[in-house]
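What follows is a group of structures, each given as structure tokens.
Each of the next two complexes has chain A plus one other chain: chain B in the first, chain C in the second.
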Partner chain A sequence: MAQTGVIGTVSGLRPRITVNTIRITTIVVLLVLWEVLAAVGRSGLLYKDVVPSSIQIGLAIIHEIFDPAFYHHLGITLAEHVVGFTIGSTIAVTVGIAMGANPFFRKMIEPYLNGIGSTPKIIFLPILFLLFGTGIESKMAKGALSAFFPVVFSTTLGMMLISPVLLRVGQTFSLTRRQMVSKIYMPSMVNPIITGLRLGMAIAVIGILVAEIKFSNGGLGYRIAEYYDQFAIASMYALIIIIFALAAAANVAMTVLQDRLNIKQGGSATRNAGLGAST
Partner chain B sequence: MNRKVKKILTSPTLAGLAALALFAGVLEIAVATDVIPQLIVARPSDTFMAFPELQKEMHLFGAFWETLGMCAAATGLALLIGIPFGYLMYRDDLIGRAYEGWLAAAFAAPTVLLYPLFLVMFGRSHMTLILMGFIPGAIPIAIQCRQGLLGVSPTLLNVGRSFNVTEREMFWKIQLPAAVPTIFTGIRIGVMYTLVNIVAIEYLIDFGGLGRIVSEMYFRFDSPGTYASILAVVAVSVLFYWCFGRVERWLRPV
Partner chain C sequence: MSGTLEISNVSKTYDAGGENPVKALDKVSLTVNQGEFVSIIGPSGCGKSTLFNVIGGLIPDYTGEVTIDGHRIDGTHRDVGVVFQEESTFPWRTTLNNVAFPLEVQGMAREAREAKAREFIKLVGLEGFENHFPAQLSGGMKQRTAVARTLAYEPRIMLMDEPFGALDEQTRLLLGDKLLEIWSTLKQTMLLITHNITEAVQLSDRVVVMSYRPGRIKRVIDIELPRPRSSEVITTAEFGHYVGDIWNELREEASRGMADAEEKLAAR
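Moving on to the complex of A and B:
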């Protein structure tokens, strides 16, 4: 934050405002608005406890962090995510490489992938429940399905953007298909694949949590649904805040990894602006 | 003629359709011979036969318009708030730098989990659906609006200045047209996430249009109905993005 700018003062009359000042003011204003809403709720204008005070939510966060049951459910969600994401992204990278290497195959299946890729994946949950049951297997399958599409699209794009010079070099050295993948394709596609993996990871988490909310007996999504059913609203908000924090931390970690790989390859960092920003 | 026929016969589109037909045929036989239980996978022929029933019982077209209406309302709201906010972030660099990172982080967060918040406030209502569609829709629109305006070529701005255009003319005649492609990228992403969130919430809370139908069909253990309603959602998504792509091409200056 060292380089956060300071607004130019107008003849020295305007106070010095920094990015941090705006952010802190925003947080304070939001907290005050929330407290006003909570007070309105307590007065009977809203359902009781629908808007708990920020202190109640803060206490619920602390309680959640020290509750062993939270880690049990976190473990379930993590396991579903790791397995689902690994399976989905592995298949996606393989299909993406095949699509990028074979234009006929790409043109053959691309319209279908685009069609399903643009569809809300949650809609396939009933099929996954029918195929894999309502246990953790269906959540893993949902994670794999959610992760598949961003990874396959970015891998295909990465393959198509590989310099033809590199491909010709590989052909000149008579590399086998496996060597082409390991020596030419993969090193050239690190950045698009990591971008796809970052997106896939975030989307897989969402997919798994939503699947857990709909039908499950474990996981963080299930815990949210449980709190909602018990009308433990403060605990529910606390858990949502913790999940948001975990998702943000994972996103930052992936962006840092991507930046490091980028810098290693002589590219530029991704954290400059736009939807890829992570701060 | 022969070359033309050969070209069509060896086209990837035809090969894709043939592969799809082959898959449907194999599935039909596998389900008919009980290799795959009918309760788990519906026969493709049964799935297609379920469409008229779905329309008669569940008012498929009505649900389609309902989901589309929710998406349109949420997108309209996202545009109304996202574009002015994006412009504000562009005009005031400090505000832009203060909020853009937050917005990007919020975009990557599972905002769909916020639905209980609106559910306890507004109940199972259209307002909940619209607000849940609005949140992921407005964020990319605001961010891309700022990025689009920041990315306008200095040459264009200098041309404007050399013609002594007013600030208003500079915005409407130079900055906005130059930023439209980037803003449209944001709108396209926003529309996509709006549709995803609305259908997801419809499915989760059994309320609204197409998402509710899928959920209801599953609860009835009506496999052909479930598969048919899922196909309907896929068709709607494809149609929705195709229409949006046409509008985008029509509106884009370049």
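Moving on to the complex of A and C:
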């Protein structure tokens, strides 16, 4: 076990270095290209200020981070996200479990879900604005709508893929209905539900930002649109980069969380072996 | 402890939506006495798993009767513990928690059930792997976990459907030794389903040969090899004699099964 661990780290280290090298090189190359573009812009070949220099953007990022208004808008977007995502995913998990447990119900609503699920949800924006106004309510609705589909599909699939042998094991040990749910169905569903939630969370952010950019009076999307209207291009890029960093951080946090849960479930042998070697 | 299993005139037909009904079992009758070790052997598709599911109470719509100590059983039964042909450990539970599962469900306190589970883990030779998850175990270790879990349920009748079917021959022989050791301590009634002749002779008091479609009992062969037996018994002349005898019974059935499968392939 220890031996395979050592081999694992040695062989695992090399690709990691290569991957990091490539990642850093990519960023450097992009920065250089960006500066070239900015220089071209200053020489008058592009519209002036469309490509601000990276130093300008860097300063704008710092400015943004110390601006209380930024936190006001961030708070709005977060609130919209938390409420929208919670509502959408709660309904989705419930519907998904019902669909998985009841084939009749599934056959009944699956065509509609597939239809709407494969439509870009942005076409519902006008309806949401009409129904919920242009304030935070319509953004919450958009977040709920966006989060709903990945979660409902993942939950339904998870229900349908529960191992029939494990259910028979439960039967032969004379589990009560409640025990079947708590000891077999629920643990089987942890992974598919979390996968759906992760995806739903990310898609809800996109949906909310789009709605804010379109029509709103607050939130990070609104702030992007505002900078755009004021032609504060450096600030606009700064905000986009900050949002990108926040999204990446959230994604890393979710990955770590899911890995933790997977390790508890013994989800992947290699991961477990790696963990055993490092602790 | 008692546990006499009586199967009388059990038949089961699968009618796959009306067309081409498959008669999987035809009037199967068999008595397995308390504390006896009986193996059922037959070619693939002859209805072994069907019989297993009927006895385990997982197929309610069959004709005939299955009784334990004279009481008719419908549905799953506290006295029957089953080990499935497919992999059946809970991937989210460690070996210890997998084996303690039936005790946990019965409401036994944590300490008591863990202590008991450890005994059974030791019995199947998985000491040191208590905190491993199934994903970290080999196929044979997973099956041993499943066997230990059913043993922990302490059924009077152990019903096993090819528990070591997917394992290599060496591992299987050694697990056979382990199983005999466990059986000599716990003295349950054992009904093992297998398609492995060596395994059937190595372990059993009696070997029941099933015919291919409809599944019927073709012959019952008493294995009069001395007990306690170890896997070394397979090198003896008597052992070879039994294997040859069973193969003679099986050969015809197995080739019928194969011909059937080839016909089906050709018809596609």
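In the analysis below, the second predicted complex is superposed on the first by the 229 of 279 C-alpha atoms of A that agree within 3 Å, B and C clash if a C-alpha of one lies under 4 Å from a C-alpha of the other, contacts with A are read in each partner's own complex, and residues count from 1 in each chain.
Everything that follows uses one rule, which is that a residue touches a chain if its C-beta (ideal position, glycine included) is under 8 Å from a C-beta of that chain, and two chains touch if they have at least 3 such contacts.
Here the structure is a predicted model, which is why all the values come from computation and not from measurement.
Of the two partner chains, neither chain B nor chain C is touched by A:78.
Once the two complexes are laid over each other on the shared chain, residue contacts for A:174 go to chain C alone; chain B is not touched. Touch criterion met: A:166 reaches chain C, while chain B stays clear of it. When the two structures are aligned on the shared chain, A:59 is found in touch with neither chain B nor chain C. Shared-chain residue A:23: touches chain B; no touch with chain C.
When the two complexes are superposed, the chain touching more residues of chain A, out of chain B and chain C, is B. Contacts of A:120 after superposition on the shared chain: chain B is touched, whereas chain C is not.
Once the two complexes are overlaid on chain A, the chain A residues touched by chain B in the first and by chain C in the second are 273. Touching chain B in their complex are the following residues of chain A: 4-5, 7, 17-19, 22-23, 26, 46-47, 50-51, 104-109, 111-112, 115-116, 118-127, 129-131, 202, 205-206, 209-210, 213-214, 221, 224, 228, 233, 236-237, 240, 243-244, 247-248, 251, 273-279.
Touching chain A in their complex are the following residues of chain B: 12-13, 15-16, 19-20, 39-41, 93-95, 97-102, 104-105, 107-110, 112-114, 116-117, 119-121, 140, 143-144, 147, 150, 189, 192, 195-196, 199-200, 203-204, 210-211, 214-215, 217-218, 223, 226-227, 230, 233-234, 237-238, 241. For chain C in complex with chain A, the touching residues are 56-58, 76, 78, 80-82, 84, 86-88, 90-92, 94, 101-102, 104-105, 132-136, 153.
Those residues of chain A whose C-beta lies close enough to touch chain C in the complex are 165-166, 168-169, 171-175, 179, 183-184, 187-188, 190, 264-269, 272-273.
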